[in-house]
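Read the structure below first, then the notes.
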């Protein structure tokens, strides 16, 4: 079978990971990436053997001046592609849609775009089939992906009558030196924050209200989930459920993974076992935190916002190309991206209380 | 009527504020403060005319060497006092209790101590009368105080069937240069965190579950409250309720108060109108965030953890001395501490949506 | 003598402090302040009794909608003034200059403007006389002010053959929630950074090279100064020199003032002794750090960037109005602003080494 | 030739990297690592196939309880080794020295130990030969290593009459969630800080004074170096010198590498090209910052404190075993660790000024 020809438009936090991921699939070919400025990311792309295309002549001149080879204009790249991964910044993707339409190309958008940019808002394990054969699909954002993966599993097992989620967001990407805050907590004062309705673009069955905060950190988002269940559950049953949920991993404070910092340190320690990035594409649910109280289930989870949508993006390519079913696609993706490698079982404290971090007042 | 003679044991974040507050009451006399090291805080206490007592002879020698006058040993101070405000660090207060008992003195402990250190866990507007005439009272922690003030009001107006609160905590005091984290979110993995049960030491009628997180900031705590109500409520009714709740102030993102940083900047701007500290002793509830959805009420609030318990501590003195009723005490305290000065009404956006902070993913 | 009528254009970090400072002078009258948005700062200005003027009709409408009283348009305010304090953001001041010229008004600019906006770049104790009677004077930036105050004293006492300064800058104002970095050190890669040449606009006699870095903090700048002296000096002589230098204060790590955080905590503790702001308008030099090695003098100092230029701005008013000499002006300013109150002598460790902060590698 | 048998005592930030590095050398065998707690690092070590030894029976019990296999006690591991890499925390290494002596083993200490723990303080390119055949060698700290590499090159080319360095230190390791500061700059008030004398343990020929500061960041240290040269130099000559200096790499703000955050992002982007860690073992000197002014040379550099000493540690093994000369060892080390891979030439701006980061005041 011919490989799917893929173009990546935008080479930032998601774009560079999407390009790496495409390059690792045996049924896809990375035709090239679109990048505007000949900075260190462009130079690393060259080192990796990726062809760089530029959005316009001004960019072309910039690349020439910087002696970074540019293979041509973005439109030429798009013409040669079967699927375009739009990894441009939020709300820029929609401005490219007319071009993709004109060229008659399929495109995968990211969660920075509004839902109506695409026919389907996508999380592989929830609604892959809806995206099969479509022209435009939107992979939902990092937060929405994390919520969809876990809440969907909970909903199928126990039914969710309602859910309330507080999202604590890292405020900037690790390489962003302009964005703060330095010493503040910033709430989203409109309740619900947009993530709640966004989750329902993927799993409309699950009632959800979200409140978002942000604080000084660059590493990961952290969610506190409170779901009111329709059927009785136990902590053990939820643990077992998550042990079997795709792209969800239980972790434990008892293993020293007590914060987003230690989780990312674990990511760095195991990067060599997963092909060289510290990315953690699974949603990390703290087993210690899982608590059932009456009909309420509470759990805490960490989301590596830079990478959790990458496997979804790869699966979305296979869905729009309609080349295989969800199980096959997810298995291929996971294997190629070494998802699940470098892992060990979370220590489950039975009848023991976890160590409290000193939090007196 | 003779003034109540007050000793302050411990002169850190709370102790120095408690001392200032006592000094401002016309029915109290600050006999002195106990301080261990002759550092800048001690030297400022001298500038303010406070007498410093030391816990032991070693401290006395340290003060002598540093040429900071020490008036005597702590025990001498305690003997002369009617009430001792124990503002020692968490879990140290309990070690002083036998001495207070031996001397037959009344003492007010802070929220760093466990509830059984005292006969009553105290928030003035909730249970002042229970503390009248008691020997030992515990003013609950900054977080518990904030929750007690607001939830008690909600409970009396609408009834609370259950409540779920996520507390985002500033991780260190502003002058603490040793404590992190620098770049991490740290969850309390044991659910519920201790604040939930602690609230019930004050208002046992209110069912509550809390989850605590901490992050890189020194300014204020921020709470997301979700209360399931027994009676129907509206946003307007809740706004009116909080407008009339003692030591609670509505604020609005529409006034530029969109984060804990801007709130504290407002605190600094108005310090001269409140006697010279940027302290904000009221609980600050964002009017914008108040949301009623079915039987659920959601609101966000900011807590100035350094100071919100200070007026409670003053009221607790009058309660244990049994010198007046709650209304009189709170009114006297508020006036002396200029609580309520430097304020303006929160801008209420009617039929308008607040500006969203850019939070794309 | 008639009071000098002062208008303040811009009501941000510097403008609000300048207005407060003018209001406290017995020989000045604050006519009003110009503010664009009716946010919390505007509402606090109203509480303080300041008249607010707006730059244009659009702003006027905004104030009306927000029910914040606006007294008129900026130009009306300027017309009534003897001196305008331009506290608009950097590079905006210069755009107002033609208006000030048209109205024939004197104006004091801040250090965010380039030197050629004014006839004199000003630090009171260095060159007050040069500014007497001038129409346009620029008070140099917080960093340049700190360097001018200390280096000028050193130069007069010992002669400076050359100097090298590394400036570690807090990256954002305390109420700025947009600016980072969160987890990065950002160097100014062009050497020298602009502060060196800027110091020479005030004290051209002192050769200086500066390198600037910025990091995650909102509190103060910190300078490391290395000056090569022409005449021999001793640590004691430098200590005595700084003890007698206006608007410079020696501090000591031995008093617990080991960081910018503890310094600002001290500022908060003494705010009530200085009229209600935690501002520290003196340059704070660590006595412990003063080191003479051969012909090199090294010292470290902290600069409260929000406030150190405020007294300079007040003195600049008297200079351009030519109402008194430098000594008289500085004495009046210092007294009105309580500069020097809330202080104690720095502990000088003789023959003793300061405690090392644990910094192993 | 038989492989050198290596034991790693301590499996923290340096220990885990040292173990990985040993495992990659074709002339060394990693016998095992010593680890106290069965946390995530231990579990990852197992995944990597490393044998874990424990310091005592209590640790052994802990590992058993956690079901993490422990191969035996540390002393057994040490007995089987030719060389022990002591990567225990600072000042702990010295407590192990008697054991190493009793067992008659060679040991490499890290820079957290004082210089007299070993016969030689070591940086490969400066003094490899001095360490040949010795029993105890100390690899100097991350900061000292960076200064030794660059100053030694400068000294050999131009002669250094004196040098002054300000070190801005990241305050905590990335996985350290306890250490701050959150919002402060902390100076080392004793001048010189210990790094200056420490550099002279490696290159006593170079006069140096250092001042150390620390701030809220976890990523890298940043040095500002000012060296007074004996012979005339030019920016071009210094650039050429550093282009040829081992384990030093020129970088440029013009490539978007304007901060430690972007450098580490580049490290992550190229990790897959260097075996899977984002480590940057070379010292990164900003070409833009190199400035010659009279006899003074100024340059800024970034130091990846977690990893720059790792290749030195490997070379130190070959030195104490006396198996080859410095050139051979450094070449083998660099190749095995992929040092120099994932690189591109720094963009040199000729006759052009770098973009200034906005740093107005």
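Going by the order they are written in, the chains are A, B, C and D; count residues from 1 in each one.
Operating definition for what follows: a residue touches a chain if its C-beta (ideal position, glycine included) is under 8 Å from a C-beta of that chain, and two chains touch if they have at least 3 such contacts.
Since the structure is predicted, the reported quantities are computational estimates derived from the model, not experimental observations.
**Student:** More C-beta contacts across B-D or across C-D?
**Tutor:** Counting C-beta pairs in contact, C-D comes out ahead.
**Student:** Would you mind checking which chain's C-alpha centre is most distant from the centre of subunit A?
**Tutor:** C
**Student:** Quick one: report the Å distance separating subunit A from subunit D, using the average Cα coordinate of each chain.
**Tutor:** Comparing mean C-alpha positions, subunit D is 34 Å from subunit A.
**Student:** So how far apart, in whole Å, are subunit B and subunit D when each is placed at the average of its C-alpha atoms?
**Tutor:** Here subunit B and subunit D have centroids separated by 46 Å.
**Student:** Distance between subunit C and subunit D based on Cα centroids, please, to the nearest Å.
**Tutor:** Averaging C-alpha atoms per chain gives centres 40 Å apart.
**Student:** Give the residues of subunit A touching no fewer than two other chains, as numbers and ranges.
**Tutor:** Residues 174, 176-177, 181-184, 186, 216-218, 258-259, 261-262 of subunit A each touch two or more of the other chains.
**Student:** For a test of understanding, state which residues of subunit C touch subunit B in their complex under the given definition.
**Tutor:** Its residues touching subunit B are 16, 20, 37, 39-41, 43-44, 46-48, 66, 174-177, 182-183, 218, 255-259, 261-262, 264-266, 268-273, 275-278, 342, 344, 347.
**Student:** In the complex, go through subunit D and note every residue touching subunit B.
**Tutor:** Touch residues, subunit D against subunit B: 171-172, 174, 176-184, 186, 216-218.
**Student:** Please give the residue numbers of subunit D that touch subunit C in the complex, ascending.
**Tutor:** 90-91, 111-112, 141-143, 164, 166, 168-170, 181, 183-194, 209, 211-220, 222, 224, 226, 253, 258-262, 286, 288-289, 291, 293, 296, 298, 300, 302, 305, 353-354, 356-357, 359-361
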